[in-house]
Amino acid sequence: MLITRVLCSRTPNADGFWKRRRVFKLTAHYYGRKRNCYSIAIRYLHRALVYVRKSRKLKKRDAVELWQQRISAGCRELGSSYEALVRGMARCQIALDRKTLANLAIWEPRTFKSLTHIAAAKLQREPIKGLNDFSPPPAGVITRGML
Amino acid sequence: MSNKHLFLPSGFIRTPLQNGLGRYIPQLQRITLKFCKNHGGSRGVRDFIETDLMEFAKTNPGTVVYLKPRRHRYPCMVAEYLNGEREYLSCHEFSRAEIQKWLSYMCTRSGIPVMRFRKYNHTDYPSIQGVWNPFTHQAPEINVAQFPHEILSKPVDNGPTATDQLIEIFKKTQIKDPVKPEH
Amino acid sequence: MLRSAASNNFEGTKLNASQPTSVKPQQEVLENQQESEIAITKETIEKVNSQIELNSHGRLFAVIHLAGKQRRVTDGDLIMIEGAHPADVGDVIRAEKVLLLGSRDFTLIGRPLLRPDLVRVEVTVVEKSLTHTKTVFRNRRRKNTRSINFCRSHFSIMRINCVRLEGLVDQRPEIEGVDGRVF
Amino acid sequence: MAALWKTCHQCLRYGLSHKSFYPSVSAINVISKRNFKPRWVAPTLREIKRRKDVEDDRNGGPKIFHRSTFLEWNYDAEIFAFSNRLGEKFNEATLRTALTHKSYVERETARLSDIGVDSYLQIQNNEELAVAGGALISKFTNGYLRAVFTRVPEELIMAMHDFLTSTSNLEIVGKHIGLGDLMLCSDFPCESETYVKSLKAVVAALAESSGEERARIFVQDLVVTQLYGLDINELWNPADPVGNLTDILKREGKAEPEFRLIKHSGQNSVLAVYYVGVYSDKNFIAEGAGESLEIAKEMAAREALKQLFHTEDSMKALPFGRQLKNIQSKIVQLENQPNLPLSKWISEKVTSAVH
């Protein structure tokens, strides 16, 4: 975008009040001189705005970790494990993602239990080394050979 | 205490009066277009009025459109919504297309002020099968079980411990010995 | 994929314990297990179908895949779709990618999706607006080089009108996936 | 939007070297301009605000003006937009009478008589329409509630009906369909009674102009949807749930309800929880939890009643909008047939009433 001549012309002696006000609005919750003195506040504001940009990715990564922890806690209570559930469901073409699984583990426990049992039954049929050698196979699961 | 909420409010998604549940009611009540008849800054607004205003009014019968020619004033549009909110947008040196775009933005909004959404869904019935609590997956047998119990007292079988593995390895070596001929 | 009505582990183990412990020819063991399994399957499907016919299954929730994300929805929920979505305000869409449908007593799990004629999820677009202004700020340290971009992206808020079971579980229509399509 | 303009300005002040000056609003290409405010702007705004605060303190809060006092106000266009926005067809005259209140007519006649013109004004007020509308609203809500909550005793239906037709609820609905600016009344800001009266009058006007069927759908879509998201068991609870449960089971010929402790934890701690189950001749009905045995027992009885009435937490979702098409006839039929009161409630009699 070309900068037209107009924009580069001399500007009237603008009031710095508005420039500083914009910065102080964003640093109103800082501590001490970082809140009130412009030359100090602007440095910390730049750091904060960089953190805002970088944390957008991190937030998504943290959310996935949190879901993973909740799913593995739910699975372990039911005698299975996170890897067993995820691998088993993948082999049964059940495409639920970790957000949904974590939601089900908390809010719909019976659905989550049936999912863990399906995955365990699938792994019992096609075992993966080191995954479910120790948990007793879930009873009451009838697959009619469809798994 | 953070003052951030003073500048950018945050909240959860909601709609006025359960909109969309019974029927969808367009929330934009009135829109006022203020412009100047001669000033160059209102040229876009004037073009819009000459060409597309009638068609806009026909497609949005539920919105009253007011035109306010004011000499030597910057053009702007003020939208008033059913929940009483007013939205101001300066249209200085806007092109006709921009006016159309921002008008459609005003029409499809619900009047709730712009905010940072903390969650991207809202449900009033989060759980149907009952929220998980420590008792949900517990078997009732635990109430009447006499401990030590043959199933419940068994530790969770986490696989063979190190000593078991060593014993197994030793047993494997044991079997091979008798086959070797005595020297 | 249906599970037997027995909901937790311990009743199951009793079932196993009652089976004959002495090893019989493989074919026979499979045989009587087949009988009891078929009976349980028939009984379970019968129960679910009766609940569907009597519409006595209570509130339903579904996991749908919409605009790139999986969402757990039930009747009357609000969901937010990020990015420009073709449907306009007031339009009714049918969410076809249903991965899972659950109620208090049963869960239908799609592999990966449930049959479209089995489940009907209707969604109404209630609001289309722009998010708050997000800043993308880059700062190259000690080089006095900074850049800032402001962005307000589109989003739509949608109301889930109904999550409904339309067909019986085991009865497949002769031709599938034809409803509502004009040939 | 103003925020966008101000923060755009920020980027220009940094004297960026290579990055584009213009903020790329990916949605809409908004080109920012340099707007430098000269030195006198800030002090002037500060002074204006100070004077405004002084005036606001003097007459207790900012002065608000009725929308009709603004320059750009056209009552006919507003009426036209009002009916189109709701998607209903009103005939002009009835809608206008529905929106004019007695107080407005009196004020106008008083004003005219002061000027000396004592001709009788032809505007009718909306008294009769409001009364008729009120009856219509309660009839339609009753019909809906009895058709949807078939197994619920009449007391709970009355509680829900009273909540839906309460002044606070109708006022919220009236305000959110834009009656605030359209009502011709003398009191400003209008009290809730005026909102309620004009909403009832609008419903009656709709019944008159496009038939009772449309008015019923209008009430179902706007007034009854306020029930969504509300736990109806909070509106009304049986005073003595254990007694009611025993009566019902006796009437149905089943055994007395028997309460058994299923689970408990944290017995002698502040966060004690007891799970008590209700059994009737050895089959399990429901379970409830509470901080003490008595509370848990009462909650269990309450939960059992909820299951009998099909109002437990996982109850069927309330049908609204298009889902109501196939039960409209049932709604009309059940409008004046009350459900069974709690004292005579038996599940067989209830299910038979449904089919």
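Observations
Labels A, B, C and D are assigned to the chains in the order they are written; within every chain, residues are numbered from 1.
As a convention for this text, contacts are C-beta pairs under 8 Å (C-beta built on N, C-alpha and C of every residue); 3 or more make two chains touch, one makes a residue touch a chain.
The UniProt protein names, listed by chain, are A = Large ribosomal subunit protein bL20m; B = Large ribosomal subunit protein mL43; C = Large ribosomal subunit protein bL21m; D = Large ribosomal subunit protein mL44.
Please read all numbers here as calculations on a predicted model, not as lab measurements.
Using CA-based centroids throughout, the chain positioned farthest away from chain D is A. Counting C-beta pairs in contact across A-B and across B-D shows that the higher total falls to B-D. Nearest to the common centre of all protein CA atoms is the CA centroid of chain B. Annotation: 14 Å between the Cα-based centres of chain A and chain B.
Taking each chain's centre as the mean of its C-alpha atoms, chain B lies 23 Å from chain D. A separation of 21 Å divides the Cα centre of chain A from that of chain C.
One simple way to say how far apart two chains are is to compare their mean CA positions; for chain C and chain D this gives 30 Å.
Annotation for chain A: residues touching 2 or more other chains are 79, 107-108, 110-111, 113. In chain D, the residues that touch at least two other chains are 3, 7, 10, 28, 228-229, 314, 317, 320-321. Residue positions 7-8, 18, 21, 26, 124-125, 127-130, 137 of chain B are each in touch with at least two other chains.
Taken chain by chain, the contacts link every pair, so each chain touches all the others. The touching residues of chain B, counted against chain A in their complex, run 1-4, 6-7, 126-132, 136-137, 156-159.
The residues of chain D lying in touch with chain C in their complex are 3-4, 7-8, 10-11, 14, 16-19, 23-28, 228-229, 312, 314-323.
Those residues of chain A that touch chain D in the shared complex are 1, 3, 7, 11-15, 17-19, 22-23. Chain A contributes residues 25-26, 28-29, 74, 77-79, 105-111, 113, 133-135 to its touches with chain B in the complex. Listing the residues of chain D that touch chain A in their complex gives 6-7, 9-10, 13, 20-22, 34, 36-39, 41-42.
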